[in-house]
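Read the structure below first, then the notes.
The first chain written gets the first letter, and so on, giving A, B and C; residue counts start at 1 in each chain.
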Amino acid sequence: MNNEHKRILEALLFASAEPLAPKDLHERMPEGADIGGLLKALQEDYKGRGIELVDMENSWAFRTAPDLGDALALERNVSRKMSRAALETMSIVAYHQPVTRAEIENIRGVATHKGTLDALIEAKWVKPGRRRETPGRPLTWVTTPEFLDQFSLSSIMDLPGLDDLKASGLLDRRPAIDALPAANDLFSAVEDEENDEGFGDEADNY
Amino acid sequence: MNNEHKRILEALLFASAEPLAPKDLHERMPEGADIGGLLKALQEDYKGRGIELVDMENSWAFRTAPDLGDALALERNVSRKMSRAALETMSIVAYHQPVTRAEIENIRGVATHKGTLDALIEAKWVKPGRRRETPGRPLTWVTTPEFLDQFSLSSIMDLPGLDDLKASGLLDRRPAIDALPAANDLFSAVEDEENDEGFGDEADNY
Amino acid sequence: MNTETSRKAEFKEDPPRLPLNQIADETDQLLLNIDGYEGPLEVLLELARNQKVDIMKISILQLVRQYLVFIERAKALNLELAAEYLVMAAWLAYLKSRLLLPKTDDGIEPSAQEMADALQFQLKRLEAMQKSVGELMKRPQLGQDIFTRGQPEGLPIITKTRWDASLYDLLSAYGDIKRRGDEQHYDLPEFNVMSTEDAMSRLKKMLGNLPRKGVSSVWATLQSFMPERIVDRIYGRSALASTFTAGLELVKQGKLEIKQDAPFRPIYMRGLYAEENVE
């Protein structure tokens, strides 16, 4: 373990206002530095301290330890008041990603109000993913590293209750009933799900 | 040493938007915390790391270690185009050096924006030469080794066509009549360009 | 679907009915808060929750009835519901009739059972997502429980500029100046004048030839430095002015002294020599 490299990495993560992705680290770390090993070592160093090195799907940042929340006399961010619709949509994107708007509408049973996705995009919690290779090539939505940061998740695999939801088949994105306003475009979106990396792939077995 | 107190202090100093004075810390830390001792212990913990706990006039904050400054910076090469005015000015300095600003303006036939010469100085293509021993003692400008590098010249005499241009009289840098606005260099008569030593030395030969 | 067997069993009997007054109360409660619901599916979910059993065990038939009561009640109260509520009502009415009819299997349409299952799945899925929102909101949140660094220095970027300029660019720029000069060329009237430069070299040469007295030469009048036999008046005046100007410059350089006893009296000049040049 090169201690000088570790010091540089520590300072980089510390100085940055944003979590650092592997690309950022590679750009700035000395040639040949074992970045993966150094990150692990640093994370170990900070275990149990007041500050922790957190990994958000390979974006790294120092954060205060979650258990200290109540003890910290710091100014709280006045939480962005997200509408219930927005939070529900966020949750659907998180658990069903990549998910199209039509699929979100189908799960919620209502058309998506224009401001709903906007608010989530503005908060940087969701972003457009790839287009689905189905007729109409609808855009899919996915969560961002900022979303993980917000809810102190290290990966979308850490979403609460994910395994249970998967096991119970509830992450099937397909429309269940076709009586809903958004149902017109539903059937165009579901023919070819094979290439999707979402959780709902088991659904194809039905 | 109360480890929980140390963790809280560490997190507070990390997350605070400004350095914290002991008074602030007393307000924010749990009752009875040994703030002086905790600060010392924390400072010790971070000794030699990439982050340091520094005392700035009795306000405390974490900072990246000062010796790492250079290592944190990312160098980025940007390719830029020289402005036409800068290139013209550059060519005049190259062919007429040592040359004063007034002479450059006279040759270009337009007033030279201050930034033009600055850009060349910043690019390290021109540098100040001697002052001309004439009234006002104007500064002359000459080319640098970096200029030769940029244009792959091994010497200023390698500039193509210099002899031809000289023969054509184009390189006569005296204004046609001393009434031109830029002609404040009345005494800019120098027969011997190569070692522009001014009047003094010649006078000594008399 | 994994719950299919239990479903089938359930629809064989008429489900237990809720007391009518309870249905009425719930319905009015729903209608009162209708703005708080995100569409018919959520209203259905709310009705299902009121059955106080796992959604997978609710009676779909009862749920349908409750929803239709809800719609009737809204109509009776002249409440305007969004179109999607009515679309759902129509679909549920259809489902109800299918569920009550003897089972037919034409192989084309989904069976009543499949439709009921689908609705149940839809409700369960929506409920799961609503629960997940709660779970997420319970987690420690950035800016509430977890904090980023308060004073990030930021990561410096040092930009190194590489200038994109070739020798050709340089020469063509010089060519431009030349061309511009040609275009703007005009003939200046030629004046026969003595330039200050010429006067300077004449003066220095002449000073050098003056008889010396220690570190200086003898005094000589300005006039005596003028060329002889000048015919051109402009040349004469320029020679006088230039010689005087050159003289002042040499004074500044410490190589000359000038004196004049009174205004309009003759101007005298003498050369000064540096110590080491004194013979």
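Heads up, the rule we're going with is that contacts are C-beta pairs under 8 Å (C-beta built on N, C-alpha and C of every residue); 3 or more make two chains touch, one makes a residue touch a chain.
Nothing here was measured: the structure is a model prediction, and the numbers come from that model.
**Student:** If every chain is reduced to the average of its C-alpha atoms, which one ends up farthest from chain A?
**Tutor:** Taking each chain's C-alpha mean as its centre, the farthest from chain A is B.
**Student:** What chain is most central when centres are computed from CA atoms?
**Tutor:** C
**Student:** What's the distance between the Cα centroids of chain A and chain B, rounded to whole Å?
**Tutor:** Taking the average C-alpha coordinate of chain A and of chain B, the gap between them is 45 Å.
**Student:** Averaged over CA atoms, how far is the centre of chain B from the centre of chain C? Could you give it in whole Å?
**Tutor:** One centre to the other, that is 27 Å.
**Student:** Taking each chain's centre as the mean position of its Cα atoms, how many Å separate chain A from chain C?
**Tutor:** 25
**Student:** Could you say which residues in chain A touch two or more other chains, in rising order?
**Tutor:** Chain A, residues with two or more chain partners: 12, 14-15, 28, 62, 64-65, 72, 74.
**Student:** What positions in chain C touch 2 or more of the other chains?
**Tutor:** Correct list: 147-149, 153, 155.
**Student:** Quick one: in the complex, what on chain C touches chain B?
**Tutor:** For chain C paired with chain B, touching residues are 147-151, 153, 155-167, 169-171, 173-174, 176-178, 180-181, 184, 188, 191, 195-198, 200-201, 204-205, 207-208, 245, 249, 252-253, 255, 274, 277.
**Student:** Where on chain A is chain C touching in the complex?
**Tutor:** On the chain A side, the touching residues are 12, 14-17, 24, 28, 61-66, 69-70, 72, 74, 76-77, 79, 84-85, 87-88, 90-92, 94-95, 107-111, 149-153, 159-161, 165, 168-170, 172, 176-177, 179-181, 206.
**Student:** Over in the complex, which chain C residues touch chain A? Could you list them?
**Tutor:** So the residues of chain C touching chain A come out as 1-2, 38-42, 83-84, 87-88, 90-92, 115, 118-119, 121-122, 124-126, 128-133, 135-149, 152-155.
**Student:** Could you pull out which chain B residues touch chain A in their complex?
**Tutor:** 6-12, 14-17, 27-28, 30, 48-51, 62, 64-65, 68, 71-72, 74
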